[in-house]
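Before anything else, here is the set of structures, which you'll find just below.
Across the two complexes that follow, chain A remains constant while its partner is chain B and subsequently chain C.
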Partner chain A sequence: MSSKRLRKLKEWWIEKAILLSGIFSVVFVLLIFLFLLREGFSLFRGESVADFLFGKSWYPISDPPRFGILPLILGSLLVTLGAAAISVPIGLAAALFIAEIAPGRLKEGLKAGIELLAAIPSVVIGFIGMITLGPWIKNLFHIPTGLTALTGSVTLAFMAMPTIVSIAEDAITAVPRQYREAAVAMGATKWQTTWRIVARAARPGMVAAVMLGIGRVIGETMAVMMVTGNAATIPHSILQPVRTLTATIAAEMGESVQGGAHYAALFAIGIVLFVITFLINGVADLYLHRSRR
Partner chain B sequence: MNPRLSQKIAFSLLFLATLLVVLPVVVILAIIVAKGASAISWEFLFSMPRDGMRAGGILPAILGTLYLVLGAVLFAVPLGVAAAVYLVEYSGNNRFSRLVKLAIVNLAGVPSVVYGLFGLGIFVIFFRFGASILSGALTLGIMILPVIITSSREALESVPRHFRTVSLSLGASRWQTIRHSVLPHALPGIMTGMILGLGRAAGETAPILFTVAAFYLPRLPQSVFDQTMALPYHLYVISTQVPGIPENVRYGTALVLLTLVLLLNLAAIILRSRFRGKKKW
Partner chain C sequence: MVNRATKFSIQGLHVQYGGMYALRDLNLEIAANEIFTVIGPANSGKSTFLNSLNRLIDLEAHSRVSGMIRLDGIDIRAGLEVEALRRKVGIVFALPLPLPVSIYENVVYGLRMQGVRDAKSLDAAVERSLIESYLWEEVKDRLRTPAMNLSGGQQQRLCMARILAGQPDVLLFDEPTSGLDPISTARIEETMLVLKEKYTIVLVTNNVAQAARVGDRTAFFLMGEMIEVSETSTMFTTPADSRTSDYITGKFG
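Take a look at the complex of A and B:
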């Protein structure tokens, strides 16, 4: 075979391998969903979907076991709403500051700082939250334990902020310069321009930033498991211990018997989480595309 | 209100919010360094744990994390870079490439504990790798794939079009063009993504919980089919599961993990800013 044909053959293989790698990321998403279904679906032979989603008690190891995940859904919801209430205003404000106001050097420094915050492993944040924030909240509100939904919300707020800030900052920076110039030319102050023109034009990107931040909070596992107290009951106040969907999987998988109902129920929770984050990310992606136009 | 005054108030509020975001990094670092530095010693870093993890070192956890992270990168970098090459150099903007992009967005959003479930279902049980370094590294590898693909894509896209047209016009084939005129210029960006992936994989706990992590295993792994301890899981164990661990051992473990992860990220940040500064086109 001539060397030219050999080369062509080699390139043909390389290009096929490259195409295959592109296909793989789609395959992985499908595989994740498939394997969650494969392991989790057997739960629904003995349990209706409604009983699973809206059942009020999660007693996986009592006899008979109860697999209602409403307390876990509410736990996740409460912690997530709390975290969003803290991180959305602060995160968006910080994004505006970094994108519009901070001068060059400071801007680079702040961006690096936020990247480092995003990099801190969740188990380290959980550890710090458990040792410092927990006792502080316990003393502040005079409650028996400091490991509550509120502790989880504050901890997770800091984990959502890097996502919110960096994506919102991108969206704000992407607003065309002419918008700002036109506003300033008409006599608006810098703040009026920032608030009424730039922030408004960047709104789709900011919505996406908030959604992705919330997606991160719902999926967060280790930190939330360490600081929320892990009580699988329907919460009545933000000062009570709660247990989230993610923490339930992480905490109980080790005790469950492979192939048993409890094991299947934990995979079924995985399906719920997968679907929730899939929706959030899909919608956020739509908003991001709108903001780029 | 006077617009100048309201601007002053607004800017101060925004500045305050920014401080609130960045300050925790400083506070967390300060606390962990202050309380953990006293635990760091030659023995702590390079010896086996003793006495139910209350004394001795954390060598098996450090080595375990290194093995897992290397395994994850070995798996994810070739696959991720090739996928990025496909998206940037081959696919154009057809329907399939949009599907791939959507898949990557979703892979990035899947909760880490769901990756753990997936790894348990496919690698530990279906492929019968058991709880092993192989299962854990593959699970982490799939988890960091979106990081690698996204940064490789950015790096490839930042190489100007005409680098390719010139090479093609000189008679080079498509792959020769990519290999010699595009990839070398994208290399620093790809390296940045790889280092970020390393950092992410080193810090994650949930994906390794059911796929590899050992609670207490005071020996070094012998093969890829062995379980191993790992730093993040070790920190979780000694801070929530085992009573009576001396405080400075916990903080010391957190310090080692944090140093490893932050150094990797700092390296990525510096590499990237150099790369951007050096570009002359």
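Take a look at the complex of A and C:
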């Protein structure tokens, strides 16, 4: 009887401990968000939200300072779209190949390689992008600098790829074997089975993979700061230097006065980023849950 | 039995997985328009046999097949594209497995894959095959609803309709009622008895009584060997081999 009670007590403790860890992780996120809000919102005492979001110039240290982040938003958008255009088709095709076509040993090798790619620190990828990709793009297009939005896109595509490939590959592998068998038994070729049954059944997971990959790209700072040229102007082509939201925070936080308008503006950028990634992860989550249903 | 054309002729069929024999020296003829049932305990090679007939066995990584299987006199390995073979020889699996689309799309799936686009002929195929599988009356007003909403027995008849839409020659059934209730089972069996007028049916079953109910001829498999094959009525009244009688009277299995 007493051992039963002891066990019950133990269960109770374990349950509460897990509950507490869960609550903590949510509370931390909320606190971070509140901190961002508190620091960022002081900017809007002197600045309108519209001027901040749609202002065309970012001159934080001139007099009077201008805090328009439209160039930064466009910079982030351009780099992200470029990276997505490169990494999504290649990543999904690689996932299909690994999950469906590659024979045993090749499959293991590729999976290990992709995981290795995920393990490369972003500063190293940025460094490689800066010294190899930059000059190459400069010579290829005959432009004054190789540090452009395109360079950033290509570099970031490498960083999004592991996320996209591994999550999409999981989703494809999770398609029940019986679907494949049913299709093949009806006379479908390998390609018809892969394309019409497997890819369709795995679509929610593949969408989630893409969203998470893009989420990674938007949040990336170090590599993008090194290769995009960091010019806070509205870009007119992908071959111009741009500056992203993240790079702006990283580059300027050190030189802003704590509590000042510049400082608050950087936090406000943080809020914008937070909202963007929150939305992207939300969409990904939606699709992941749909795929489990 | 009246003389009928031979549908499948199997000579010296061996199937190995790795080094293990799953099927050993099988010689057998299956006549057109008969229900040929295969009974036997687990691991007797029944499903291996079925999967050899439409070459689904090729998907098993370590399988090795030797011997000759002819369908209407044509070698199914050398004389036919594997996709064409599988369209002629449809299979219904143990667990009903509708694709995650509507009832209508499930039925026309194979046709769409073959490139049939014409809405009228698709509609006609849906109606014909659902009538043949005795599902039409139950679903004709909700063809566009998800197939997953059907009951297990209905799903199994939908899987039959999906195969029938492609106008096969032979229907393979791999323990088609093992997951179904007695009433659904009875409906499937009734359907089979009607379908044999048009198709040749090979039925693998764990349920000895089912073989007795629907089979024209029955084969008893044990550990990869065919112990006995005969008219179903003969098999169940005067089996030639003592192992057969032990199995059908329930002494093992």
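Quick note on the criterion: the second predicted complex is superposed on the first by the 275 of 293 C-alpha atoms of A that agree within 3 Å, B and C clash if a C-alpha of one lies under 4 Å from a C-alpha of the other, contacts with A are read in each partner's own complex, and residues count from 1 in each chain.
Heads up, the rule we're going with is that a residue touches a chain if its C-beta (ideal position, glycine included) is under 8 Å from a C-beta of that chain, and two chains touch if they have at least 3 such contacts.
Only a predicted model underlies this, so the values are computations on that prediction, with no experimental measurement involved.
For the overlay on chain A, clash or fit between chain B and chain C?
fit
A:181 contacts which: chain B (first), chain C (second), both, neither?
After superposing on A, A:181 lies in contact with chain C but is clear of chain B.
Can you tell me whether chain B or chain C touches more residues on chain A?
Answer, by number of touched residues of chain A: B.
Determine, under the contact definition given at the top, whether A:219 touches first (chain B), second (chain C), both, or neither.
The answer is first: A:219 touches chain B but not chain C.
If you stack the two complexes on chain A, which partner ends up touching A:53: first (chain B), second (chain C), both, or neither?
In the superposed model, A:53 contacts neither chain B nor chain C.
After superposition on the shared chain, which partner residues are touched by A:201: those of chain B (first), chain C (second), both, or neither?
Touch partner of A:201: chain C, not chain B.
Looking at A:192 after the superposition, I want to know if it touches chain B, chain C, both of them or none. Which is it: first, second, both, neither?
So A:192 meets both chain B and chain C here.
Put simply, what angle do chain B and chain C open at chain A, by C-alpha centres, to the nearest 10°?
If I round to tens, I get 90 degrees.
In Å, how small is the closest CA gap from chain B to chain C once the two complexes are overlaid?
Checking C-alpha atoms only, chain B sits 10 Å from chain C at its nearest point.
For chain A, give the residues common to its interface with chain B and its interface with chain C.
Common interface on chain A, chain B vs chain C: 189, 192.
Enumerate the contact residues on chain A facing chain C in the complex.
Against chain C, the touching part of chain A is residues 176, 178-179, 181-189, 192, 196-197, 201.
Quick one: in the complex, what on chain C touches chain A?
Listed in rising order, the residues are 54, 56, 59, 83-87, 90-91, 93, 95, 97, 99-100, 109-110, 113-114, 159, 162-163, 166.
Could you pull out which chain B residues touch chain A in their complex?
Result: residues 3-4, 6-7, 10-11, 13-15, 17-18, 20-22, 24-25, 28, 31-32, 78-80, 82-83, 85-87, 90-91, 96-97, 99-100, 102-118, 120-122, 125-126, 142, 145-146, 149, 173-176, 199-200, 202-206, 209-210, 232-233, 235-236, 239-240, 250, 254, 257-258, 261-262, 264-266, 269, 273 of chain B touch chain A.
So in the complex, the part of chain A that touches chain B is made up of which residues?
7, 11, 14-15, 17-26, 28-29, 31-32, 35-36, 38-39, 89-91, 93-94, 96-98, 101-102, 108, 110, 112-117, 119-128, 130-132, 158, 161-162, 165, 189-192, 194-195, 212, 215, 218-222, 226, 246, 249-250, 253-254, 258, 266-267, 270, 273-274, 277-278, 280-282, 285
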